[in-house]
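Chains: A, B, C and D, in written order; residue numbering restarts at 1 for each.
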Amino acid sequence: MRNFFQRQGKFRPLSKGDERSAEQQQIPEDLWVKCPKCGELLYSRELERNARVCPKCSHHFRLSARERISLLADSDSFQEWDSTVSPQDPLKFVDGQGPYDEKIVKTQKKTGETESLITGSARINGRPVVMVVAEFNFLGASMGSVWGEKMARAVERAVEERMPVLTVNASGGARMHEGLFSLMQMAKTIAAFHRLGENRLPHFSLLVDPCYGGVPASYATVADVMIAEPGALIGFAGQRVIEQVTRQKLPEGFQTAEFLLEHGMIDQIVDRGNLRDLISTLIDHYLGAPQGLGSYSANGLRSATELEQTVTVVDTPGPATTTTGGMS
Amino acid sequence: MRNFFQRQGKFRPLSKGDERSAEQQQIPEDLWVKCPKCGELLYSRELERNARVCPKCSHHFRLSARERISLLADSDSFQEWDSTVSPQDPLKFVDGQGPYDEKIVKTQKKTGETESLITGSARINGRPVVMVVAEFNFLGASMGSVWGEKMARAVERAVEERMPVLTVNASGGARMHEGLFSLMQMAKTIAAFHRLGENRLPHFSLLVDPCYGGVPASYATVADVMIAEPGALIGFAGQRVIEQVTRQKLPEGFQTAEFLLEHGMIDQIVDRGNLRDLISTLIDHYLGAPQGLGSYSANGLRSATELEQTVTVVDTPGPATTTTGGMS
Amino acid sequence: MTQTDETLSQEETGTEPTATLSAMDRVRLARDPQRPATLDYIGELCSDFVELRGDRSFGDDCALIGGLATFRGRSVMVMGHQGGTNTRENIERNFGMPRPEGFRKARRLMRHAQKFSLPILTFVDTSGADPGISSEERGQATAIAECLMQMIGTRVPIICTVIGEGGSGGALAISLGDRLLMLENAVYAVASPEACAAILWKDASKAAEAAETMRITAADLDRFGIIDELIPEPVPAHEAPRDTIYTVGDRIAAHLDMLCATFDPDDDAGVHDLLDRRYSKFRKIGAWSEAGTEG
Amino acid sequence: MTQTDETLSQEETGTEPTATLSAMDRVRLARDPQRPATLDYIGELCSDFVELRGDRSFGDDCALIGGLATFRGRSVMVMGHQGGTNTRENIERNFGMPRPEGFRKARRLMRHAQKFSLPILTFVDTSGADPGISSEERGQATAIAECLMQMIGTRVPIICTVIGEGGSGGALAISLGDRLLMLENAVYAVASPEACAAILWKDASKAAEAAETMRITAADLDRFGIIDELIPEPVPAHEAPRDTIYTVGDRIAAHLDMLCATFDPDDDAGVHDLLDRRYSKFRKIGAWSEAGTEG
């Protein structure tokens, strides 16, 4: 099969030769990060340059939505949509930690985002795409009314402008503070994607760590192409819930991307460094390469099966360290 | 739920009170039959009257195609189609037992049938239906060119006349003497049933013992309603083949109708005595009750789940005694 | 966040909801094992029920059952969650919590109904989708998602009724119809009050407080415009099961008549109109603000 | 039992089949582990291959693989059986014998191709569907049947090529296309010669005799009109793999061009024409007699 080609860009993955020893341990925490999988101490700026992928064990650290956008979109191509759509508090919800509306304001200040979903248009290797990205730092990327509304608008616009949709999905579950409004966003988003499909426009879903509850139980797992990042935890019910309900020990690797691949739920597990090229190749397959650009990836991609046989490092995920909420 | 009603007819099942003791063992074989499941000695004519269902253990003996037709169709309603379509010997096939064309003639004489599939129109409780029935005594109901041709004609006629199709499927596998012509009948029959479906006419498939190979691997398992008789053996690969290839002991009840129900492959297991009413009820659901007939089964059918909880006798099939060929 | 224009007005239903029960009282009523369940509705309201079983790939799930039936002179596809009334039944039916096979069967039956232009009736009554290890292995999330994707585009009229506990994604999976009716003492929630209390109050004993705060009663959801009709229960359903069942049957029949009056499966424009209205119904659910205006 | 009217005539292909090998010789060639397999064809003939995996309900079957690819400037859906060239690979790929998950994946990819109007290319190379216990549990027969039912109605051009061993139902499952091409040394049979000998001769050692009698070679099937084109192999494929692959590519391209020239996915009449021709192609296969005339 053909060579799997490397991307030139801000986040170009390090080659093995660039690895550093883990001996300098006296440096301040904000400069050094310990890899939760292999224990390696990594220099923050170098980790950033490597798209927050551990150069030693390939562990994929979580990215913020903005980091994800800058990783995937061509420079300065991202145009945000509907950033002024903000959450409301229709139930006047007050829980043990206080009122929901105060929680929103605090979270908005802390994160600098108005909500947990960012939508817009972008180009990937020159191809126009609607890009929808979850922000896990905003209340655990819980899906509430704003998520549904912004998603529906973005997908409707994709239909109007005949663009493909890329969703980057992380979620801790439903936004319980919005009660049944929150659950109904599963219906609202699936309706939007049904319409996208009727218009024969492709939806690419990228599942990243962690992705639980109503997001994978609605639009995020019925995309035309299902991709996951190595080691990402993905499922319906959260691991703590399952352990409590079943009183069974969870099998090793349970709910990892590798587990989902084995069980037939996703098409490929793709290293962060190869995502852009995979997406732009997919767009060309479904919509044709844009005039003048030609086929970007002239040398082709290797089959995922082949790839795994070579890149053995992602075949053996360590014990899952991330715990998440989820829907029961 | 409602009462499950009894059919009035030639094959009315015996009530439990009619059971006889098994003590009279000195009578000639053709008058007495030993039940292969419970060992009971049954008086032939009584077994006939009970639709060849053992009154003691509910074992369903095999029926010939003509017996099946007389069980299901209203008296004298069956009109046979295409009975003059006969097998050819396109390969000039000669095996260890001699030439295929001689085998055909011998089998035709022995069985009185021209081939292993009988097609025609009939009425069931007054509802017109296309009825297609396999004859296991004719070379193990192997599927060859005649099967495909007669099936295609019958289904095309169902489309023209807007009639539902009931297939009664038994098969030992492909008619190997016809080589690839035989395999291609899977394609020919599935194409016919695809056309039936495009015309939104229903196909009811009744799987009876034994049903293996290309028949269940083509049209017989993609019907709109899938029904099986209790204890029938149904599968792709024959049990001997699986044992030889895997060198594993087959689990108890493997490939029985009950096994298929548990694994989600069929809608219901139905006792022979209830088949007519189920089929006529189904026809009414899909095509409406014929003018003047009204709904036949005014009292409704019980759910299969309910039924099984009551009729426990079919829940515990004994060890499978039938061996069959099959496709590997 | 407005009501469907077609919704029958409350006056037509005759009775006014009477109760002054707390949200947690209603949760208890909704979960009462004697409360009429899906098979009771099918048994009383339908004839000629033919159960259709199996997902055609792995198993048959008795927690979500369905089949063909005659309802008030029409052939329909009927399906719903079904738990048990005793321990043996509850184990067999997994306490009414569907596994992936259940959702795959539901999806199959919806496609089947579409092929033969049979209206679909669903009865919602589950504490939620099964949260077990093997359900995750066989793709619980994917199974629910595919069921939703099928349902939203199914080209026949669909009427859904919440008759007991409407629990989260497992309930939603068979709720995307053209009408969502709900009994007065049924509840419909994104998570159980117990789970919500444990997560947001860090104290499962605050379930009653959570139940109140979550707005899970039929009256709340009627006010929010999420359900299309609240069906009054003058006395709790398990105290007058036949009356309740027939009242529900009458309301379903009224909505079904209305939907079928304008529906012709062979008229593409009519089918598209049905799907467009269904789209709008869900498209507008939500509460958000934007540049000072509320959504 | 006539040939498809559209079939390209033999002259156009240039070379004449040369060999005088026995049927069993060809069985051995068809099974040669060095013979080019599906991934070799994809690798040489396509670029931008993106493998799509999984059946979305139970697993991913590496014995039947597929995905998107660019073939001679066109995006297509490509799929085929894939065994291994060593023991480890053979175990991983179950010796190229698909389990139900493989057929369910194939069906999924066919639907996918239909949604996006991508032509389908299939490569047939299997000794048959897996005959194991767990495959039966998960409905091997049903999985094959559903794949066939999908394929016969798929609204895009489909070209199938038998490149090695075409074994029974497992081969047929991805062979219901608008064209069936076959390499000269490939075989296509309703059962393996060994199985046929064991059943009809009660003697597995009669496999060579059975192979001859069963008429399983490309030349036989070309004569019967079951295949649309025999692709000559001047030398056995494993001795000239690139030449063979590119010859196959040229023949596929010729047929694909022909099919696509008259195919417009948005033209219902054209799509129906495609499906009608596909129907007729299989409708007429068979050998029977009736009232003195041969069918």
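The rule is simple: a contact is a pair of C-beta atoms (placed from the backbone, for glycine too) under 8 Å apart; a residue touches a chain by one contact, two chains touch by 3 or more.
None of the values given here were measured: they were computed from a predicted structure.
Identification of common neighbours of chain B and chain D yields C. With every chain reduced to the mean of its CA atoms, the largest distance from chain B is reached by A. Remark: among chain pairs A-D and A-C, A-C carries the greater number of C-beta contacts.
Distance from the chain C centre to the chain D centre is 45 Å, each centre being the mean of its Cα atoms.
Per-chain Cα centroids separate chain A from chain B by 52 Å.
Mean C-alpha position of chain A lies 38 Å from that of chain D.
Chain A and chain C have Cα centroids lying 31 Å from one another. Annotation for chain B: residues touching 2 or more other chains are 197, 263-265.
Contact with two or more other chains is made by residues 56-58, 138-139, 142, 146 of chain D. Chain contacts here follow an irregular pattern that is not a line, a ring, a star or a complete set.
Listed by label, the pairs of touching chains are A-C, A-D, B-C, B-D, C-D. By the touch criterion stated above, chain C contacts chain B in their complex at residues 39, 42-43, 46-60, 62, 65, 67-68, 70, 75, 101, 105, 112, 115-118. Residue ranges of chain B in contact with chain C, taken from their complex: 1-2, 197, 200, 202, 224-226, 261-268, 278, 281-282, 284-286, 288, 295, 297-306. Considering their complex, residues 56-58, 100, 104, 138-139, 142-143, 146 of chain D touch chain C. Taken in their complex, chain D has these residues touching chain B: 128-129, 131-133, 135-142, 144-146, 148-149, 152-153, 168-169, 172, 175-176, 188-192, 195-196, 199-203, 206, 210, 213-216, 221, 224, 226, 278-279, 282-283, 285-291, 294-295. Residue ranges on chain B touching chain D, taken from their complex, read 82, 84-91, 93-97, 145-146, 148-149, 152, 174, 176-188, 190-195, 197-198, 213-214, 216-222, 234-237, 241-242, 245-246, 248, 250-251, 254-255, 259-260, 263-265, 325, 327-328.
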